[in-house]
Amino acid sequence: MPTDAQRACFEAGIKFGTLYHQFAGTPVSPDSTRSLETAMAEAIENQPYCESVTVRIDDDRVREAIDHGNGYTELTGTLMDVTMRIEYDGITAETRMEMADGYPLMKLERVDRGE
Amino acid sequence: MPTDAQRACFEAGIKFGTLYHQFAGTPVSPDSTRSLETAMAEAIENQPYCESVTVRIDDDRVREAIDHGNGYTELTGTLMDVTMRIEYDGITAETRMEMADGYPLMKLERVDRGE
Amino acid sequence: MPTDAQRACFEAGIKFGTLYHQFAGTPVSPDSTRSLETAMAEAIENQPYCESVTVRIDDDRVREAIDHGNGYTELTGTLMDVTMRIEYDGITAETRMEMADGYPLMKLERVDRGE
Amino acid sequence: MPTDAQRACFEAGIKFGTLYHQFAGTPVSPDSTRSLETAMAEAIENQPYCESVTVRIDDDRVREAIDHGNGYTELTGTLMDVTMRIEYDGITAETRMEMADGYPLMKLERVDRGE
């Protein structure tokens, strides 16, 4: 049987896959980054065991990605940094998505039994 | 060749399909309806020719759709009302999504040459 | 009141927005292009008034987009060509998505009253 | 530092969240279930550490979900059963989504060190 810590990590992964594939492709410009960050965080925090989510969409990277006349681009992992904390049966899992070697990487950072 | 009015209607349809299929499936609860409404409207307003979008997610319908212990549901067309105004080369197209016979219907309401 | 031809164009746009935002972001490699093309076409053909859809994902463009070690990329408009034919109350609308100036453009090509 | 087994479970969760939120909302009818199953499995198998995916969309449940004249519905977790096997640095994680008490549940079934 999987351990509680393993289940916490599975739950953490589900939230990351959800956040990414639900919102990737959303039209985004510097005028709409703040509302999209808030909606993404609050949406994923609805899911079971998800204690907190922070999403930061980088306005400068959004501007660089807008290379045509329409003034917007589509959200991808390269434009944002995300952290999440999952609490599952007394286990805390902390995860992060950030750029590594030019690609967005989803990372499991810490798995702790809380006190 | 298609007319300007026909092109305006094509653009209006694109925005509706985008809004629906980008955001359907998003985890939603009464705690996150306002931020999701704002993000959806601002995201779609980034698209070409899209002058204004209003999204209203009905908290009561969200509560009714939450029929399990987790306290959230997934966004579908039955939970929201949407209006959009498209401006394309002097043509205004007004569209709406609302419930009809128990199903969400995307409707083209008016196509006008503005003054 | 909108004309039948305008409604046909609105329906055509809905299908294009749906196809794009439902499937953009899907992990894709040269090993999975054929199954994704078929699924996209058959899924959208389910929608009302949608007579036929063709999707061609370009294997060479997919290979060029895979610039990291994982061997896959995410589907975007730059990787595919799409055609659709909508039939609405005797009106035929033909649409296409293809690259123009380095960007994918959704185009309304013809609107005809069939015989 | 997280263990290899915990990382395997995190990766397994990512794939499940991806599969669900990439494809939920896709228009589906009994005529398009087979192509959608194949495309979903092949798409997710592109992702790192994902050894095998099976997707079975239940035609009878699809028919029951089609309760209006259009002849199709939108894909949700209630219409499909999914299994996945993840291989991460010698660890195998087996996962499954199936109905439990009327809701689709994503489950971590086994985590093994392979021989």
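Think of it as A, B, C and D in the order they're written, each chain with its own count starting at 1.
Heads up, the rule we're going with is that a residue touches a chain if its C-beta (ideal position, glycine included) is under 8 Å from a C-beta of that chain, and two chains touch if they have at least 3 such contacts.
Computed from a predicted model, the values in this text were never measured in an experiment.
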Contact counts by the stated rule: is the higher one at A-B or A-C?
A-B
Which integer distance in Å separates the CA centroid of chain A from that of chain D?
20
Please report how many Å separate the Cα centroid of chain A from that of chain B, as a whole number.
25
So the centre of each chain is just the mean of its C-alpha atoms; given that, what is the distance between chain A and chain C in Å?
28
Residue ranges of chain D touching at least 2 other chains are 18, 20-22, 25
Which of line, ring, star, complete or other matches the graph of chains that touch?
complete
Chain B-touching residues of chain A, taken from the complex the two chains share:
18, 22, 25-29, 31-32, 35-36, 38-40, 42-48, 70-72
For chain B, which residues are in contact with chain D within the complex?
20-21, 24-25, 68, 74, 76, 101-103
Can you list the residues on chain B that touch chain C in the complex?
2-3, 5-7, 9-22, 93, 95, 106, 108-111
